[in-house]
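What follows is one structure encoded as structure tokens, with my remarks underneath.
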């Protein structure tokens, strides 16, 4: 489903914890940045998907942490789409140090499309085709 | 406008930063917990105010930090209402250590009531009377 | 490894997102509150484990989201220890609505003990015995 | 004290709240990004200031919110140094929409230099000269 999208970010001071490294919850915010950029690069910003009445609700999220990131370190969020059907979308992510592309963490999120009332609502082919295009 | 409301909380690990203390942004989340509890104790949960179509938008927020809080420390959020009119509401806050009631931080938030479209919308007397009652 | 620990929390306004529900990252902060309370109830606060020079670094975290939580909803964090050895500790979590004990989410975190320099460092039997006691 | 530093950011989904706009606490994280970039552009990354044993502890923070920012909107953080002495540093910030440079919010943070133990510790002239240079 196309090449991975890469987004560059820096660890914010507010993302560190008293262990001196980026806190485990921050990675899930970074995954979200990754899929936002993924959709934008496919030509369909996620804000537009919501504007059309569809929400890609997270039903499962996993992260494996290999090595820590510190304040102000630059890293890449590499995002790929593993699976895309009208009823389920799965994104895979890798977090890499910018300096040497060392693997910091990897993970995935599973999404079920719903409408604004939170009811399962299959994504139309027009949207699906766009975000899953090569 | 009545006695202050006191709410007890503990510093979460995710609220610390690499300096080993609660991060400055967390205090604004705690102020929000304080005004949530203030409204609830007046008999009008903030969720109900929003359900009636009013939003108390923050237009100014200040915090003065006196001494740090550490992970797992218990603290009190003491909330008072300084001013309440149909067009402006001001809350004052103090953060105190639970152990010895030492002043950790103090601050305030200024709110303008709006409707769901973000337009200024005076709070009806019924709502105002309830949250500003002695 | 003993009975589950239950901790009661409320969804903060700052934990909601524009979908009107608690954001997926918040659950990982709640899991952390859960294991903090778990250790405290075993008589060994996590802050004391760190004071002894041991850090339970998160190497994997997963959450499955069943149904949303809204602002100000009260929920329980039910925490159990699935596995505990000197080199690996696994916690399981359930998030339940307080009202009807409905399952909102479930997940786990895997931890590797390290020293302050981030090197793997087996947890002494004294610590392990305490937090894994029935 | 020199030209302002400008940093570009986008509103993250996790930074929105159920009002559909960026939450008030996020602005204080953005201010922090602003001063991080300010120090970097002066040739003295804040991480290096901490590596030399100095911490610029926040003792006061204020934000005035003029208009909301929405998910995925691009904005600029404009940071200037208002005051810099060995015992107190004040930064001013403006948040502007990228599109039309409309003022979204403005604020400031006051910092007292401390050592790693949290004791007030005047910043040496070498550090001060660098970050306050024209």
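Each chain carries a letter (A, B, C and D) given by its place in the written order, and its residues are counted from 1.
Rule of thumb we're sticking to: a contact is a pair of C-beta atoms (placed from the backbone, for glycine too) under 8 Å apart; a residue touches a chain by one contact, two chains touch by 3 or more.
Keep in mind the model is a prediction, meaning the values are calculated, not measured.
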- Quick one: point me to the chain whose Cα centre is farthest from that of subunit A. B
- Note on the structure: Distance between the CA centroids of subunit B and subunit D (whole Å) is 23
- Centre distance in Å when subunit A and subunit D are each reduced to the mean of their C-alpha atoms: 27
- Message: Distance between subunit A and subunit B based on Cα centroids, please, to the nearest Å.
- Response: 33
- Shared-contact residues (touching 2 or more other chains) in subunit D: 13-14, 19, 25, 28-29, 32, 71
- Message: Thinking of each chain as a vertex joined to the chains it touches, would you call that graph a line, ring, star, complete, or other?
- Response: complete
- Any idea which subunit A residues touch subunit B in the complex? 13-14, 16-21, 23, 25, 71
- Of all residues in subunit A, those that touch subunit D in their complex: 12-14, 28-29, 32-33, 36, 45-47, 70-72
- Note on the structure: subunit B partner, complex, touching residues on subunit D are 19, 24-26, 28-29, 32, 55, 57-66, 68, 109, 118
